[in-house]
Amino acid sequence: MAKSKFEYVRLFEFDDRCLLNTWIVVRVDGKGFHKFSTEHDYEKPNDIKALSLMTKAATSVMEEFKDICLAYGQSDEYSFVFRKETQAYSRRSAKLSTNVCSLFTSAFLYYWSEYFTSSRPLYPPVFDGRTVLYPSNQNIRDYLSWRQADCHINNLYNTTFWALILKGGLTPSEAEQKLKGTLSGDKNEILFSQFAINYNTEPDMLRKGTVLVRRKVPVALPNGGTREKSQIIQEHIDIIGDEFWDKNSHLLSIS
Amino acid sequence: MAKSKFEYVRLFEFDDRCLLNTWIVVRVDGKGFHKFSTEHDYEKPNDIKALSLMTKAATSVMEEFKDICLAYGQSDEYSFVFRKETQAYSRRSAKLSTNVCSLFTSAFLYYWSEYFTSSRPLYPPVFDGRTVLYPSNQNIRDYLSWRQADCHINNLYNTTFWALILKGGLTPSEAEQKLKGTLSGDKNEILFSQFAINYNTEPDMLRKGTVLVRRKVPVALPNGGTREKSQIIQEHIDIIGDEFWDKNSHLLSIS
Amino acid sequence: MAKSKFEYVRLFEFDDRCLLNTWIVVRVDGKGFHKFSTEHDYEKPNDIKALSLMTKAATSVMEEFKDICLAYGQSDEYSFVFRKETQAYSRRSAKLSTNVCSLFTSAFLYYWSEYFTSSRPLYPPVFDGRTVLYPSNQNIRDYLSWRQADCHINNLYNTTFWALILKGGLTPSEAEQKLKGTLSGDKNEILFSQFAINYNTEPDMLRKGTVLVRRKVPVALPNGGTREKSQIIQEHIDIIGDEFWDKNSHLLSIS
Amino acid sequence: MAKSKFEYVRLFEFDDRCLLNTWIVVRVDGKGFHKFSTEHDYEKPNDIKALSLMTKAATSVMEEFKDICLAYGQSDEYSFVFRKETQAYSRRSAKLSTNVCSLFTSAFLYYWSEYFTSSRPLYPPVFDGRTVLYPSNQNIRDYLSWRQADCHINNLYNTTFWALILKGGLTPSEAEQKLKGTLSGDKNEILFSQFAINYNTEPDMLRKGTVLVRRKVPVALPNGGTREKSQIIQEHIDIIGDEFWDKNSHLLSIS
């Protein structure tokens, strides 16, 4: 049985290395999570424990891949930003997307029972993944702004939609009808006037999603002193404006 | 907050559709499974329950993706062959590899406790994935032959290696030294003369790996009759020679 | 001046090798040749000397690239089919398309004065190029059928269009109007009844385009004997039906 | 003859659009120009008329493609830099490389007789082409520095090599032997001490290659006034240092 006789088939594999000096984003998205969230009784409009499990899974990914400098999550998706200079897996696109996606999926399921009362979901959850490249700092910021704007738009809609149903007694189709064509201001007004909800005081986690970054934090030493240690920190803040980037200028620095 | 202002970033995504009329293979591979198998006390040289769990996960993948016509697994890897004509995910390479990889990982973990005594492994297991294209029937057969030849070579080695250690009392490095430069015949001879093991009577699952195909099987009806139903069947047989392909000529026929 | 300091930029080049065991077609197309043909007084509906120059240029390409087994040309385009097994330029897509395209352009201009009365055209002619892969024999035959069907459709249209103008005294827009919505049979009928042209007896070069293949031809030896020599032969024949492929079965044979 | 029956083959074409917001370089290189230059009696070490013809051809390319903001040429190669924002040919890689390459080849041959005494070369000259992407301003500057450093290194070598042969009476292999392992300083010294050549006073075109940029130049009007017009200007200057880029800051500005 000649090994070499068949081994030529390896030559059919493509070289899919990402362009150098370019931001690499791997985004994972829940597959069929509208159905999944219903079947697992996710609270509406937002399920804090489900979002927390997503962030737990994302943290596992960042612990494994040191070259991920920032992650941003909302709803059933998480985006991982690799440093421009990363050489992880020789920048091979499929290696990056499948490893991140597999680990995210695995951790989501692994830690399920720490967030939900069941020991495991009704069936294995699935996330897909993709790799996208962004050449400039402005591009990568705009990518993240796009996801956060999406979070805002969807969350305002969902908050109003479910208030109309859960508190206003409308059916889903009546609520959908009522919201058709409304602008942000209209939804804010419905929430405030009908349900005494000031959208701007809703939890930041829901309105802004979750940002994961590494930060040096002081750690107590046995001798009473402290030392700095890099930790993954979650924040629920605006990443569209300049303030975040000014405070975290190291993220975009360097050639 | 203008959604459209940032949405241009979607245009940075690549079109990665696979060449038409070409076999698509997605292979998943355990990441760091040498370590994983040791830490989880996999039996040596082969752990039947671990292999069975792999096949359970692969079956979940085939149940989801109807266009996978055949899967082949051995050790910590599984290859999934999509029909040449598949339009699953518009043949987008990353969609196929990440979905298969995520579902495989998820099912592996989900069904863990049905095969192992622990409720879950010590940490989340990870599999990477890749998509490879093969234009001709001969190419796809050679790909599968390559994997089965690999199974044979590794299993013969491992069977002999662990016999020398577990039954022969050698240390791993002594066993490695003894096997250096040996041919297949030499290993068969060691197994037979020293340990009375006839390698050819070792279980097919270990020597040949696992093939998953769909087959019509008769299903009993309430009225006492039967009807045909497509089921995923596992076999541990040779797929290098012609016999399997003659019997399953529908796999390579068409277009 | 450190050479190495800048040389890192080479790493930004992509590996664009074509999938193995797949037909590679490079097609060159005249850029703006509608205008070019008018400015250079190409005879309408067909200019034999222009078509002959195209074939001369294509022959130069085939003489250079021994792995091109067949070329097909019509109007201002030529398709070159590389053997499935070719390793020319390591199957790098851009190398193949730019070399073929540059040589075709160069030869077209180089031999211009042998076909036209002017020493050179009014400005440098340009052809673009593309590389397309076809996995199966049926696919490559269908590609060539597509181009020959295109030749037929366009030539029948143009023959009728220009007959209406040159012999029927119509203006171009009147001719266009008259042909709107007509089928092949209608155009054949117009040609026959109005202009006594039997389209089927029009020259094969115009109706079928030009096929270039290599054929062994006997060459006279000084001693009175003959020997076989491979030569590039042009034919104006149908390549949609089976007859051509039966006669030239070597073209599609092999793995 | 059903057109649609075969037209499916168009779906086999790949989408090869270049990543957005990235510098696109198309470089054309003479194929076999060592041989070509010998057969056409190019003067050694440099043939001014051949270099001028290269620049004439490059100018034709820049006149056609308005989105090329800079070109750099030396020896038998020319690099064309498209603006980061270009949408020429929808940024399709093969379209860009083949069009530039074909036009360059065509113009090189078309204008041959204006630079050489023969009406045309002995055979059609060929150039290959490639497309390479550079994300940052530093990358594109380093690319151009790489080519200019290459020009310097080769030209110093060739100048010394041919001085040793033409003036020093050495054979080519003797000259090669003498230069083996020498540094820049050694070659400068050989030129100066043996042949009274101060390399630094050699013509800039030879030592630095040719830069083509667009510049607004005043044009006389019939009424005695002037107006600004964009013209393609050639310069033989250093593009490795900052001076050129400071003076031409518009080239790298934006986005």
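Going in written order, the chains are labelled A, B, C and D, and every chain counts its residues from 1.
Definition applied: a contact is a pair of C-beta atoms (placed from the backbone, for glycine too) under 8 Å apart; a residue touches a chain by one contact, two chains touch by 3 or more.
Because the structure is predicted, anything quoted here is derived from the model rather than measured.
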{"item": "Partner chains that chain A and chain C have in common", "value": "B, D"}
{"item": "Same-residue or different-residue interface between chain A and chain B, half as cut-off", "value": "same"}
{"item": "Contact-richer chain pair [B-C vs B-D]", "value": "B-C"}
{"item": "Between chain C and chain B, distance of the C-alpha-averaged centres to the nearest whole Å", "value": "46"}
{"item": "Where chain A and chain B are represented by their mean Cα positions, the distance between them in whole Å", "value": "31"}
{"item": "For chain B paired with chain D, centre-to-centre distance based on mean C-alpha positions, whole Å", "value": "52"}
{"item": "Chain A residues counted as touching two or more neighbouring chains", "value": "12, 14, 19-21, 133-134, 139"}
{"item": "Arrangement of touching chains [line / ring / star / complete / other]", "value": "complete"}
{"item": "Interfacial residue positions of chain D with respect to chain C in the complex", "value": "1-3, 5-10, 12-14, 28, 31, 60, 93-95, 97-99, 101-107, 109-110, 119-120, 123-134, 139, 142-143, 145-146, 149-150, 152-153, 184, 240"}
{"item": "Chain A to chain D touching residues, read off their complex", "value": "19-22, 133-136, 138-139, 255"}
{"item": "Sites on chain A touched by chain C in the complex", "value": "11-12, 14-15, 17, 19-21"}
